[in-house]
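Both complexes below contain chain A, partnered by chain B and then by chain C.
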Partner chain A sequence: MMDNRTTRLDEILMAGGPAFTLRLKSSAGEIYADVPAASAPAASAYLRSAGCRHAAVFAEDRVAEDLHYYIYYVFEHPDDTRYLVLRCGVEPGQASFPSLAAEVPALNWQEREIQDWFGLEALGHPNPRRVALHDNWPDVHPLRKDFPIDTVLPPFEGEQHVYRPTLGEGVFQIPVGPVHAGIIEPGHFSFAVAGEPILYLQLRMFYVHKGIEKRFEHLPVPRAVFLAESVSGDSSFSHGTAFCQAVESIGCVEVPEPARRMRTILLELERIYNHVADIGAIVNDVGFVIANAHASRLREEILRINEELTGSRLLRGVVCPGGVRRSWDRGQAGRVLAALDPFEREFNDLTDMIQASDSTRDRLERTGTLHAEQARDLGIIGVAGRASGQDHDVRRDHPYAAYDAVEIQPPVYQEGDVLRRMQVRIDEVRRSLQFIRLAESGLSSGPHRASMPQLPAGEFAIGSVEGWRGEILYWIRTAANNRIARCKVKDPSVNNWPALVEAVQGNIVPDFPVINKSFSLSYSGTDR
Partner chain B sequence: MIAQLISVIGQTALILLFSPLITGFSRTLKARLQTRRGPDLWQPYRDLHKLLRKGMVIPDTASWIFPATPYVLFATTLLAGLLIPTIAAQAPLSLFGGVLAVVYLLALGRFFLALGGLDTGSSFGGLGSSREMTISAIAEPALMLAVFTVALGAGSTNLSTVAESAVGQSWRFLAPSQMLAFAALFIVLIAETGRIPVDNPATHLELTMIHEAMILEYSGPYLALIEWSASMKQMVLMTLLVNVFFPYGLSADGSPAGMLISVLLFVFKLLILAFAVVLVETGNAKLRLFRVPELLAVAFVLSALALISTFLFGGHGG
Partner chain C sequence: MFKILKKTFDTGLVTTGYPDAPPRLSENFRGAPRFDFDNWRDARPAAEACPTQALSIRDRGAVREVTMDYGLCIFCGECCAADRTGAVLMTREFELAVRDKADLVITAQYDIGADGVQQHLKQIHCGLQPVERDTAALEKHVHQAIHQTLGRSLAIREVDAGSCNGCEVEITALNNPVYDLERLGIHFVASPRHADMLLVTGPVTRNMELALIKTYRACPEPKVVVAVGACGIGGGIFGRNYATLGGADQAVPVDVFIPGCPPRPHALLHGILLALGRMGEKGLPL
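Moving on, here comes the complex of A and B:
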């Protein structure tokens, strides 16, 4: 790890002048600064010009304690391993904050979530319609503290969402969803087409909004881990780890070395089983079924390794604050390592088979292109971002678990088509296998879990993990009695759904499923 | 008269009862090649039995076309099946029409199927119908040209005459015109039966469907008729291919022993062809929709070349 990667943000803040002087808190992972809400646009513009990226924006209701709502802007800089968080106070009587979405399209949905959940108006938002609570919801703001969690809302009778009409001769609307033919979650896609080419796609998510962020509040920390694991079922371990890292940061708990290595191994196993499944699903959607059959079989191999190591095929109930819930012995580790070699061989056979298929390549190349500029403006992260030239990887940018010991070189491509999104996954599976072997080889038989103290009330911290889709971010504030006052969950799917709208433009309708699959986003993680 | 009746009933039964088995064979084989176990050979029969007993949901927006389509499709496909020689060179209804009748009976069924897809007003049905028509606009001429090549050699468009004239010439299929025509018909077979790389019969993705998109609104007995028709159409086209180009074993005498050999050879030929189609399906990804016309254009050019080479080299080979 480079030593100078913990000073860059300080330099930027110093050079930024008096706007950033109110330093709120500083820790190994984060810097907090207080900024008046009115100067947030200027501060954001300055930080962006200094090379910072908007990672997230979210709100918190502290009216009872501090007489304010707070808006938090999370930034990161490629040369600093810490996050920079700007906090803007909003008075309840004012109930509004300046919108940055016109300058930073990446914040579009997140600002509208704040509008819906907190009733704070994003002033100047180019498209201030509802997003997280559908139009037929009554006028309630569930994340305000004065909204009791056991509220039973009357049957929804509000207006339905009005899609933007697309007019023109020979232009038709194709509505798809929210209920789909496959076993997937609900989301509505409204295509405007002229013949087969797609002119415009409108997305509607949040059909399975479960109020998870509300549910976290008042939950005791040990139980909240299980809720984090169920935010997005295919990323259970990543979400759970991000949550635990935030909690550990608040409690100033040092996770023992063996536990950090075990977390690394399990995070990479989660990445592999999802990537392999997605590679198979992508080629399946262009009708290359036999490759999918092999990919499904290989995924099963990894699930069995998961079960061997943890007792859970999908890695549920494994991570806990302070480490991991159970350890594995040398015999288990040996069997797993022995299983990885044939897996890698067969995985190489699979990728050879896919790459040797001209008809598959013809379908995937230059399909669903997301240009690098679009990806940058929309704040696209993770697999989709790396396929479009966005070099972000939490494992390298904000090292956690045992990733500081390995050199992370994320595969980055510029073309941004379906083929490259698949190639990023193929490259990452190979690297993940190396990380697992590395982490396993240095695994010593120490404690796998540090004891957690009672957490101090009112403290807050970020936990972030590079899930297989991309950056998973948790921001937690504690309450008294080891409970949680606010838990912000940001799944990478929230960032990446809007990319689909850009990527499908100009493609033909029958190519949509494979484009969608190449992003492979979580509905549940988006809707929360 | 009695013999005529027996042959009509026999062939009707053969096409009705045997065609789902080809579908089952293809699916089982495909599953095995994909390292899956897959359903057994008899699953299509169970599916038909199940669908025939089920209730139906008919959209409120449907007109008379919607319920008429399955019957028209079923009747035209079965009738086309009676015009082609299967076991004996003499097709039961060969006096009523030749290869033109086969092509147009199938076209009539497809026309109604496309109307049925449009009739309910659902966007997927319209999508499927428009795609089906795009493809058939090129597949049909390719099919016509290819069978004309064969008809030229026999001097007749009556399929029984074509088959009979071919029986005596065992190496005829090595003639360039015959091989070109066979290749063209093979491509048409894949397109017409909705197989990869043209269409994927096993997909659940509505947006990519062609044939399946047209029949999304059908259920119960209507769906059974349509599925059954699809199996029959596949058998009709495959029979056309194997019996026109490889007419070995078409029993001319009608003795019981000769009939038995004919039946076995017929089944064997069909299964070989089904195997070839499955191999193509397994080894390829589906084509991008706009590439499908290019593939069919290849079929069209092949049949045109076949026709030309008939005049250049003669249709009878060596």
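Moving on, here comes the complex of A and C:
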């Protein structure tokens, strides 16, 4: 079984013939192969036919070093724990690459990001409009190396975004945002409705774009961890861990076993506090206010546990390259374990209360349905993916921290409605509690932090974590003096926003909040 | 139905008594760092470790200026971990909100030797005011202010102007049964047109600049603006770059600044109450 999990991609590459023979680099976690840009569509088609999934596509400006931009396609296969990365060189004079978005809708936004950030044209893209830069931005490409981070752009003029008109008798457009009614992040939604049902939803994101990937290039690695923690504030520990794993992979550093267990515990605590909050918010959006009051109280309990263990309610300032900054003693661990039992009882009371409510179930079942085929085509991952039949979980597929010691059986449902997205969360909270107890029970008092060497320049690696929303990917290339030349951040929300567009169609406008909440995507993680 | 009621009774009262009673904090909570400026011999390692340059040094000849800006501090504790002289101590202080951003900054000047070691403290300018300890009096004052100017209720509109969502996690917590903002006559509203206060988070992205200004204009007078977190105060770890302005006061006038990354709910509550005190001082008309 284990052998299979580390050789399958090699077999697929061998069978793929000469197109994949240019092996760039191979490590325990990744295989890199050089492929001409023109061959990317054929290579992608072959790998997909062999059962691979496109996890991400991104670019890098290496014009100063070796006269090329590079496009990186990240694949994974269910029977291999490594990632396969195809690299395609693009000459500056050519400044374009073939688009795969028509074949692989999951890459739609990511290819357009490459257009915006680097000025490389995605040839044949079915919808090549800007996605990351708003329409009123000047013609700039911020991730090019010749674009200074402190560039002061002139005052913006014109429309931020031109929405497609929706025509027809009795069809109205409802604009919502960017400032929303609740305490949530900003984005603009434009609904086309005929009566109550939603015909079509257009999303405009990137309102909270703050130049994070560029900023990474201006921080030394030890300080950059804190930037990773601020990519998506409710996923600080997951993002920080993914960043650190990439750095550790580059530095060939083995994280001590106690630190891996501590990371596991904290990753699961982050999952629990967010899942509990979302469960409460979902039922709140259909009027079950008292259940939300209990859920938000339970979230507070977990935030207090976080503070007890780490000094930070949102688990900040804990993870670091090589392990964790702070250990905890038996007294702290004992208090936390003692708090988990009443938490679990209360959580069961909460879910009993929700499940006993027929009217709640009535509102959630068959609401906001994302069919399994749609989810597969759009590359939907994480909670939303598992509720729509997509069985992905980084903890099992690319084990890290202490997850190789536990059996991960992700809850997978086929119906893809709000109810199942809530149910996935309920199931996962229960398993997270088990993982925490298991990891804590074997926690020894060894070192919690391996020393990090100065990182070699020009090296690169992936770090990935199953955050509570889904797969978080970091790809880092180092520069001289322990700095970063490129840091690609892919939050699962980037994959999953298009799912919302599909899921709301045919639903009534008043159900939009609960559908949106059931996906619970990160705006900041998307916009960076 | 009976089960739901029973659960409510079984749960009992969970609401914090803050600000009347002290908050329930873990022993391990990391609040603001404190510095022994008088005896500090070498601030370089701590400044080097600071991820947001809240702590920074500038050497000019034989004089070193050490600046600590609590507005930019994310309470990570790295200065304390890096310092080798024992001059940095992490405290559990969180009531740090101020009305004047300059009050968050401490500047100390030292003579330095050839080896870069600080020889003696020449002068220190401490902007940070003593923390308002008399919270009971403050709350009384608040109730008076709300009553006089806003008919016993304060309505807040939260505006995310580029936050990472961390501040929103804690602001949302103000609505839960533990913090229960409404017990103080304060509540969040959906529209700026119903609001007396804007609670602004994030470094203000270029893409949210216009939306923030429009929201401010839509909010009727009298109004107060509170900048939340290291980003809202000065751009935080994102700073000022091609995509951000570097703080709420770059786009709208700000009345109160609440440090933190993110500020814990008690700290938010403290800052909001402080802002209301100001409303009383202004003697705004009803």
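Please note the rule applied: the second predicted complex is superposed on the first by the 524 of 528 C-alpha atoms of A that agree within 3 Å, B and C clash if a C-alpha of one lies under 4 Å from a C-alpha of the other, contacts with A are read in each partner's own complex, and residues count from 1 in each chain.
Going forward, contacts are C-beta pairs under 8 Å (C-beta built on N, C-alpha and C of every residue); 3 or more make two chains touch, one makes a residue touch a chain.
This is a predicted model, so every value here is computed, not measured.
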| item | value |
| --- | --- |
| First (chain B), second (chain C), both or neither touched by A:P92 | neither |
| Partner chain(s) touched by A:P456 [first = chain B, second = chain C, both, neither] | neither |
| Touching partner for A:R297 - first (chain B), second (chain C), both, neither | both |
| Touched partner set for A:G506, first chain B, second chain C, both or neither | neither |
| Touching partner for A:D362 - first (chain B), second (chain C), both, neither | first |
| Contacts of A:R215 with chain B and chain C, given as first, second, both or neither | second |
| Contacts of A:P36 with chain B and chain C, given as first, second, both or neither | neither |
| Touching partner for A:Q160 - first (chain B), second (chain C), both, neither | second |
| Greater chain A contact set [chain C / chain B] | C |
| Touching partner for A:G446 - first (chain B), second (chain C), both, neither | neither |
| Common interface positions of chain A, toward chain B and toward chain C | 181-182, 290, 293-294, 297 |
| For the chain B and chain A complex, residues of the former touching the latter | 30, 33-36, 123-124, 127, 130, 196-197, 200, 202-208, 282-291 |
| In the complex with chain B, residue positions of chain A that touch it | 172-176, 181-182, 195-196, 283, 285-290, 293-294, 297, 357, 359-360, 362-363, 508-513 |
| Contact set on chain A toward chain C in their complex | 134, 137, 140, 142, 147-153, 156, 160, 178-179, 181-186, 206-212, 214-215, 219, 222-223, 225-227, 230-234, 236, 277, 290, 293-294, 296-297, 299-300, 303-304, 307-314, 316-317, 325, 332, 349, 352-353, 356, 522-524 |
| Contacting residues of chain C [partner chain A, same complex] | 3-4, 7-8, 11, 14, 24-26, 28-30, 49-52, 74-78, 81, 158-173, 175-178, 188, 190-192, 202-203, 205-208, 210-211, 215, 236-244, 261-262, 264 |
